[in-house]
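Structures incoming, each one as structure tokens.
In the two complexes that follow, chain A is the common piece, with chain B as its partner first and chain C second.
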Partner chain A sequence: MSRPQRQFEAAVRGGDGLAIIDLHGEMDGFAEEALNAAYAEATSSEPPAVLLNFSDVDYINSTGIALIVGLLAQARKSHRRLLTCGLSEHYQEIFRITRLADFMSIFPDESAALSELQAS
Partner chain B sequence: MDERQDEIWAKPVARMTVSELPVGATNLNVEGRQPVSPLQGFGALWQKTYRLRLRGEDVTPAQVMAVWKEKFPQFQPKGNRFYPPVGGVRSGEIIFIESTVSAWPGRLPGIPISSGVRVIYNDDECFTIMTPQGFPESGWNSFSTFEEDGETWVQVQSMARAADPIYEFGFRFMGGARFQEETWQHVVKAVAAHFGVHDEPVQVIRSCIDPGFQWREIRNVWQNAMIRSMFYMPVRLVRKVLRR
Partner chain C sequence: MKQIRHLWQSWRRREDSDARPQASLRSQVVMLDLDIVPNDPLVLYFQTSPGVVDVERLEIDSPVLDSLRAAGVKLVVPLVSQGELIGMINLGPRLSEQDYSTDDRKLLSDLATQAAPAVRVAQLARQQQAEARERERMEQELRVARLIQQTLLPHELPNLPGYEIATYYRPAREVGGDFYDFLYFEDGQVGLIIGDVTDKGVPAALVMATTRTLLRAAAERMTYPSPVLERVNELLYPDIPQRMFVTCLYALLDPASGRLRYANAGHDLPYRRHSSGVDELRATGMPLGLMPGMKYEEKEVILSKGDLVLFHSDGLVEAHNSAGDMFGFPRLQETMGQQPGDDTSSVIEFLLGELASFAGDDWEQEDDVTLVSLRRGVTKEVDKEPQVDERPAVESRNRDLWQRDWQVIAEFELPSEPGNERKAMEEVANRVQDMEISATRMEKLKTAVAEATMNAMEHGNKYRAEIPVHIQVMTVDGALGVRITDRGASQPIPEAELPDLEAKLAGMQSPRGWGLFLIENMVDELNVLTDDVHHTVELIMHLQKEGE
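The block that comes next holds the complex of A and B.
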């Protein structure tokens, strides 16, 4: 677990019934504090769904995946949907390997996620 | 996308398949089982971290990890036999396990349990294994090394929940959780001892991520590897006798 090449950052945006967390950089064990803080901020207004936007994430290791599991467990406990978008083909495959894809909706981009949410 | 990830993550599989069985290992509770994530078990979801600093040792995280992978079975406590793949720890490969689960550690004799885990991630400083259906825990264990404040650390981190109600009962009330924690503390101490570090304490960080039960997963009990291993015991005995 060397120091990441591009430090992880997470920024929260609000929306109608949806909080969006834009993720940037490399996602590994060093991302824990920033990711959990962003999730706490995103859920402070009790949105029914949170979208994780991975389009600017360069790298995820297994510790980074474990962080997402932690968020997913929290979301399920509070009956909140956790969605993802911006995952490359490769990372979508990783979500299938780790079975996260069984529990999270994966969208190609933000607009597709928003469309699905509005339709449901 | 970072090209590193093409080689270090395993390919997705719906079910585990065994192509080559290491000498001494038993292909029981592995073939045809689905790998399961921490979200698919029954019991409370725990993240537990066991970490130890190699104080004063001039070794890099990658050097420590190389030794850890090579000698992985030797760092296990007595009674835990790990059979890594013939070609070593690699993504997508299966590590076979022969262990003993006691219904009451220290008071009742252990029940042999055979299973295996799949390596889903492997880089120079970390590898992660994923358990199959029927394994005592549903989830992952990551074995990693890293540098902090100029010193190298070794770490085991589990993110898992008991696979079914029987295992959950065992973890909570029959000493299973303590046995598990002692196992991983033994492992990080053994790695440290290999590098000449003997007196450094193990830091244990426990975090209950979801304390609830997942009742919809109660049927996992049909895959329980401990029960299936018990039924397999007569076969083991016959084989033992025939070998004499």
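The block that comes next holds the complex of A and C.
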């Protein structure tokens, strides 16, 4: 079984108001474990919102979409907002087509997400 | 009846000049709306005698001529293109009340010579636009009909220990109203439904959806097939559009005893193959929605080990070959008896093989073909994992696309290993980078190629590295095509499920299942072709999209 060219990694930052998960690499089936572990870590302090930072993700496939759907389902169950930033135009469109965009706010970058969160 | 409209006429109305002398100095352009039958003598005269025609001097018995005179027309300049009358310039009397001069006539004649071809081109362009819009509308409707059907057909086969069930469904290009369904009851019995709505397209798909729901609701409340059909008929009759009806067979299997009870609302009779031959499972009843108060005969058989029942729709038996012969019931019955293998998927494969050799390569599928086979196994009854295959089926939307003169610009193979869809994607992108394709569309193509390759590796080749996925990159005038082929044709392909994000978020649908949906939304056309061994997905991207 060949590995993808670039291993997926997810790192958690932030604290009470917002946890940020910086995603790196390719979001496909190989990303599942790291993504779910990062989400569990990010939500351990029960933040009201989690921001997924896609600025260093260059490939998302349908399995990756399914993983995001899984996170979104978890987030909704615990009444937590899930936000995204750093998605390329192409993947923003895919988020619109799949209607993920109806359930999670899409921001161009981290600072835009933060200022919206502070304003609300 | 041929109608020539929008005929321009410059004229002056006498009654106006009498009443309002001021107005008489203004010329008016008025459209005459004439109904002209093609064999009107005036039309023939215009076609054979080009040039300016003096209406008052003409001695022809023609309703059109009468209308022209009544409207005060003095001169007619027919516009004739390639021997066909395509318009007329009609003139009333000159404003100066003098006769038209020789120069006037010459000018008009020259004008007509110039104008006729231009008007013709404009007419053709308008006609083509209208036809293109109509085609677009029909394609859209077919898409909706197919989506409704694919969404409502079962996505999984029943997991019945000791039984094998296989299905095959292939919609015709103009989607018909075929459907099948499986119902599961608490006592372990399983309902099998196969039906066919008359008519095609969206109306058939909607009636199919309604019937399916009514059947499910009735079967929930009533134990036996016959009352279920009676009830559905009563409910359907007042609501079904005129001249539409539904043929439907409902069979209820008790897996433990092998008892199969069935009632039939005018559907093609199923065949049972057993140790001493092949016979029909006959039960009488009128189609659903035709008349109220219908009764349905109910019969039952006991399936012995090794017995097989084939439920089918008329798309198979009514298939015609190029000589105009029909596949027919006797051939179906005979073929079932000849089939050497004895598992359910092989009976379907065998029948499809027979159909292919009967109908020939250029078969134009007229109606949906649906086959459901049920066989009681001879081996020890072991609990099998349910056969879930997420790969959705899409039939070729537009089979003539396969006839396009594609030029293959690249061809390569990749082992079926997880992650290789990225290699496929990069390789295709490399091969087409010199073509005039926008960055946005290139991204879409890449996603579609990756998803289709992943489906091929996972569902077609079961991630067996030694079976490669074959990829062809092709071009044709203004379009780019990618064909992705796996070797998964031997397995029946379940139908596509329309991803429903709400259901997924609520845990009622698997979070997966986005692949085909993405592909469909990324490319301009998606076609699927299956032969005995291979399964090919064709992605087509137009190089320039309108508005880009």
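Simple rule for what comes next: the second predicted complex is superposed on the first by the 116 of 120 C-alpha atoms of A that agree within 3 Å, B and C clash if a C-alpha of one lies under 4 Å from a C-alpha of the other, contacts with A are read in each partner's own complex, and residues count from 1 in each chain.
In the analysis below, a residue touches a chain if its C-beta (ideal position, glycine included) is under 8 Å from a C-beta of that chain, and two chains touch if they have at least 3 such contacts.
This structure is a prediction, so every number in the text was calculated from the model and none was measured.
J.: Looking at the superposed three-chain arrangement on chain A, would you call chain B and chain C a clash or a fit?
T.: Overlaying the two structures gives a clash between chain B and chain C.
J.: So, A:S111: does it touch chain B (first), chain C (second), both, or neither?
T.: neither
J.: If you stack the two complexes on chain A, which partner ends up touching A:D102: first (chain B), second (chain C), both, or neither?
T.: Both partners, chain B and chain C.
J.: Can A:Q7 be said to touch chain B (first), chain C (second), both, or neither?
T.: So A:Q7 meets neither chain B nor chain C here.
J.: Of the partners chain B and chain C, which touch A:D58 in the superposed model: first, second, both, neither?
T.: After superposition on chain A, A:D58 lies in contact with chain B alone.
J.: Quick one: from 57-65, 165-173 or 273-281, give me the piece of chain C that collides with chain B in the overlay.
T.: Of the stretches 57-65, 165-173 or 273-281 of chain C, only 165-173 runs into chain B after superposition.
J.: Of the residues on chain A, which ones does chain B touch that chain C also touches?
T.: Overlap of chain B and chain C footprints on chain A: residues 1-2, 29, 59, 61-63, 65-66, 69-70, 72-73, 76, 88, 90, 94, 97-100, 102-103.
J.: Contact residues on chain A for chain C in the complex?
T.: It comes out as residues 1-5, 26, 28-30, 59, 61-63, 65-67, 69-70, 72-73, 76, 88-90, 94, 97-100, 102-103.
J.: Under the definition above, what is the set of chain C residues touching chain A in their complex?
T.: Contact set of chain C toward chain A: 417-422, 440, 443-444, 447, 450-451, 454, 499, 501, 504-507, 510-515, 517-518, 521.
J.: Can you check the complex and tell me which residues of chain A touch chain B?
T.: 1-2, 29, 58-63, 65-66, 69-70, 72-74, 76-77, 88, 90-91, 93-94, 96-100, 102-103
J.: For the complex, give me every residue of chain B touching chain A.
T.: 1-2, 4-6, 8-12, 35-40, 45, 47, 61, 120-121, 123, 125-126, 128, 130, 140, 142, 144-147, 157, 159, 209-210, 212
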